[in-house]
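Written below as structure tokens is the structure these notes are about.
So that you can tell them apart, the chains are marked A, B and C in the order they are listed, and the count of residues begins at 1 in each.
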Amino acid sequence: MSASILNDAPVQGIAAVPASLAEASRRAHISLAVMVGCVLLIGIAVPWLANAYWIKTLTSSLALSIAAAGVALLYGQLGLVSLCQYALLGAGGWIALRAGHGLGWPFELSVLAGGLLSCAVGMLAGLPALRLKGLYLALVTMMMAGGFQVVINVMGFPDGGAGWLGRVFGSERLMMPRPALALSDAAYFRYVAVWLAAMLALIELHRRTRAGRSWALIRRGEAAAVAAGVNILRYQTWAFGLAGFCAGVAGALLAGGVGQLDGRAFTAGDSVMLFALTVVGGVYHWAGALIAGLLLRAVPALLTDFGVNGYLAMIFFGVALLHALITAPSGIAGQLAGAFDAVRKRFARGGKEAGP
Amino acid sequence: MEDYLPFVISGLGLGAVYALSGVGLVVLYRSSGVLNFAFGAIGALGAYVAWSLLEADWPQGLAWCAAIVASMLLSLAYGRLLAPRLSHRDPTIRSIATLGFALVVVGFTEWYWGEQPRRLVLPTDAGAIDFVLGEVEVRLTHTRALGLALAVLMMGGVGLLLSKTRVGLKMRALANDRDLSALLGIRVLGVDTVAWVLSGAFAGVCGLLLANIVRLQATLLTFLVIPAFAAAIIGRLHSLPATVAGGIAIGVLEALAITVPGFAAFRTATPFLIALAMIVFFRTGTRQA
Amino acid sequence: MFKQKKIARSVLGALVGALGLAGAGGAWAQSGPDCGLNTGKPATGEPIPIGAVVGKTGPDDFSASGQAAAAYFKCVNANGGINGRPVDYIVVDDQWNPETAAQVASKLVKDRKVVALAGSTSFVECGANAKMYADEGVMVIAGTGVPRECFNARNYVPVNAGPRVSATIAAMYAAQKYKSKKMVCIIPNIPSLGNWACEGPKEWGRKNGVEVETIAIDPGSADATSTMLQAAAKKPDTIIMNVPKGILVPMLAAAEQQNLGKKIHFVSSAPAYNADVPKAIGPYWKGNFDVNLEFNPVESAGPDNKNWIAVMDKYGAKSDPRDTFSQGGYVAARIVTQALLKMDPKKIDRAGVTDALRKVSDFRSDILCKPFYVGNGNRHNANNSGPVASPDGNGWRFAPGGCLTADDPELVDIRADEQKMGLK
């Protein structure tokens, strides 16, 4: 009986499923390649076009884009708000500086060490998320950021000295040694672009595999996730760990770019701004992380370049933040993607009509 | 004991600061579902307005009223013009939006008044309660005692407002579920107005007292909301008495932390540590905010 | 006959009168402020780029330093420039953020290729940029430096004395006037300030029988009262305030509320000397608060000080503050101008300017207590003396005795450099 049903089923219907799956998989590969390609293209093109001021600024922008990608992962995929990611960035930077100055590790190892420490701390920070949700989680992570602010203010960042804290006393502060193939500002910019492409690809791969599906189920609701057999503890903690890893890597790359980090620049307010501008950039698309990095560093630098009074720039930022939150729920990247799609459909329709 | 008394008393002053801000934050949260990052900024602007008017020789009472009115107007402007456009988003986004408003207000305040050492002197500064224990003398100025009293009064008054009056009931309903409340016939815009104006008035009073007790400096007063959130967390974003008690406890412990030899440099982290400890050790099931 | 003589005499008289007026008019044209070559003719050659990094947006506004230097350079450009070449003065704001400071300094040094920096005043840029300035071989004559890195760099030359030297002089004054034997020094716990600036009074005290303890405070703390009580608990004779004026005012307010001024004398380093401070701290502190100044008073009648005011009035904006940062910026601009004028105008490049600035050795100005010098040393702290003032109503009253020189043991290498250069 069942055999006859199978025999009678339209051949096209069954054969179409693998075909459309292959099509979807091909499109997924293309979009991944496009993403990596765009970032690498930026890495190649910008040093030719920009002057020293802008290369430095955009290097910081790209490094912060990595941290923003982590924030977007937590909020976009899981709906969890973490207001301590900038503190994790600082922690990663601290480890990288200490390893670079004191232990003389190669740059890549320092970056990974920074990333791994922030990954571990991020997972710890994510434990409350199992019990707290929404605004409460946001507040708790903000308290952690506040605590880090006080600690780092007192400890400062390693700058070439001896001892556990690694602070120098009596001579000039040392800059973090850069990787051998990226000593100049332009070369370092390309180096950071490569790291950004790698991190974005890492997140994207997570999204397409089991982790991404588990996160989507967790976001739907814990009951649904448990019913489907998802280990909530493991996948939620993994997400926090991945976001922490992004922040740590970003901190290490920022330290390499600027040469040193200053304990006064890691306030709780900075973590909140990172989250706010990531939401403005767009949490559902990889370009949102890039836009967030630009908003965090390039736009203030532009205003400074034009000599705009710092406080008027603050007003402008506040208005821009309000406007973006009110008018663009999926961020600027979402608006751009929507516009892109509309243009593409226009052309596709035009092409079809123009056909024979 | 002698060594600790001065810090307990000075901690009471600081605790009043945290308690007042915490109550203001929790009140707005309970009546509109938004955590207001701009609370400190609005209060700071009010304090600067009062300072300018006092410099221009206005009478004290009028200057304070002007400060509170300025804060209420700012809060009302946000609540009626900007907050409704975000009312369908989740609470975190609505709170982050108040951060945008805070940046606008702080930027304007710093730009307009500039950076110059200022002091907001209130008439209650003149008198104080003296505590003497052996050789140790410490004074609690009337302003700080007033701050403590106001924190307790606000707690009682707002608690009554929210639990016993119709307006309070409507505010709580609106914070709970906006769409459902609108369906039930609650006049959404009207109740919202009351909630934000009330919060603005609190911000104005807090701003005046904080500017006197701490420092008349816009950026610092704005970011004092972050330790104030610690007091709000201790109150579980719900209970006003717990918020006041938590705020005062944080203040006293932060001041006492000076006497702990290794910890003194880190004492400004006390509010955060206490809030985190409360979360970790006193969990009562899943908490959704 | 008579009539003709009369007419001739009156015509002669008129001519003499006209000539006299013309002569006087010519003299008026010369009696503007004294800048550079004083030719009265604008300079039209190839501009010389000079930069400055100031901390404008943040806890305090130091931009007066850049504004004064800009006014002076405008005056120089209107008076023949640097041997015919005008100065292209570029000021950037580092927003009190070390990362921004690195970016804007990069812009000045690598993009705009400035030959020197003059009139910089920033809390954060010394640590962020000192190495870059040394690597690029560019000198900075700063209007005011604050943290330790500003006074420990080869290419950074602050015109002011610095918080460590200033606090030492304040301590010396207190020991001299009030015979204090036990002092407490309060300093923000910012890394290269909190462990350095109060060590000056401490080490001086150790050599002179005065005990000095340090309290490091968190500048963002909301609780000034506990800090003042902690200081008072150590039972000192004198409390040395070594904090910026924004934090000083609430701390003195807290001390006033606890009536600490009754038994303890209060002194302060230079940041307290500002026109707004006496009114802000109020009448309680009259007669019990002494402040060391890094330069001679803003109202002093010395010719260079008056020239500074004249330059500001003619070439500066009305809203530019005429405070100690402004004095510092003016002096820095003068030092650089004087050094540049000694060079061949066709060969002004960065290496030459750096050389010329290192050779500065007997720069005199009545704004400074002693002649200024740069020299070849690994660090620079040429200004290490200043007078003392105390608030009087809405203004300041100056202590007799003029300039006191700091006896800070850390200055031993500076004194050795001075010996080598043959200065006293």
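What we mean here is this: a contact is a pair of C-beta atoms (placed from the backbone, for glycine too) under 8 Å apart; a residue touches a chain by one contact, two chains touch by 3 or more.
These numbers were taken from a predicted model, which means no experiment stands behind them.
Greatest centre-to-centre distance from chain C is found for A, with centres as Cα means. Chains A-B form the pair with the most C-beta pairs in contact. Distance from the chain A centre to the chain C centre is 44 Å, each centre being the mean of its Cα atoms. Remark: chain B and chain C have CA centroids separated by 40 Å (rounded to whole angstrom). Rounded to whole angstrom, the centroid-to-centroid distance between chain A and chain B, based on C-alpha atoms, equals 33 Å.
Shared interface positions of chain A, i.e. residues touching 2 or more other chains, are given as 150, 154, 309, 311, 313. Among all residues of chain C, those that touch two or more other chains are 189, 218, 220. Those residues of chain B in touch with two or more other chains are numbered 223, 227, 265, 268. Taken in their complex, chain C has these residues touching chain A: 56-58, 92-93, 95, 97-100, 102-104, 106-107, 110-111, 124, 127-128, 130-131, 134, 149, 152-153, 189-191, 195, 218, 220. Only residues 81, 128, 131-136, 138-140, 142-144, 146-147, 150-151, 154, 267-269, 272-273, 275-276, 279, 309, 311-315, 317-322, 325-326, 329 of chain A touch chain B when the two sit together in their complex.
Listed in rising order, the residues of chain B touching chain C in the complex are 3, 6-7, 10-11, 13-14, 17, 114-119, 121, 125, 128, 136-139, 141, 214-215, 217, 219-220, 223-224, 227, 251, 254-255, 258, 265, 267-268. Every residue of chain A that touches chain C in the complex is listed here, in rising order: 51-53, 56-57, 60, 150, 153-154, 156, 167, 169-175, 185, 254, 258-265, 300-301, 304-305, 307, 309-311, 313. If you check the complex, the residues on chain C that touch chain B are 59-61, 189, 216, 218, 220-227, 229-230, 232-233, 245-250, 253, 257-259, 274, 276-277, 280-282.
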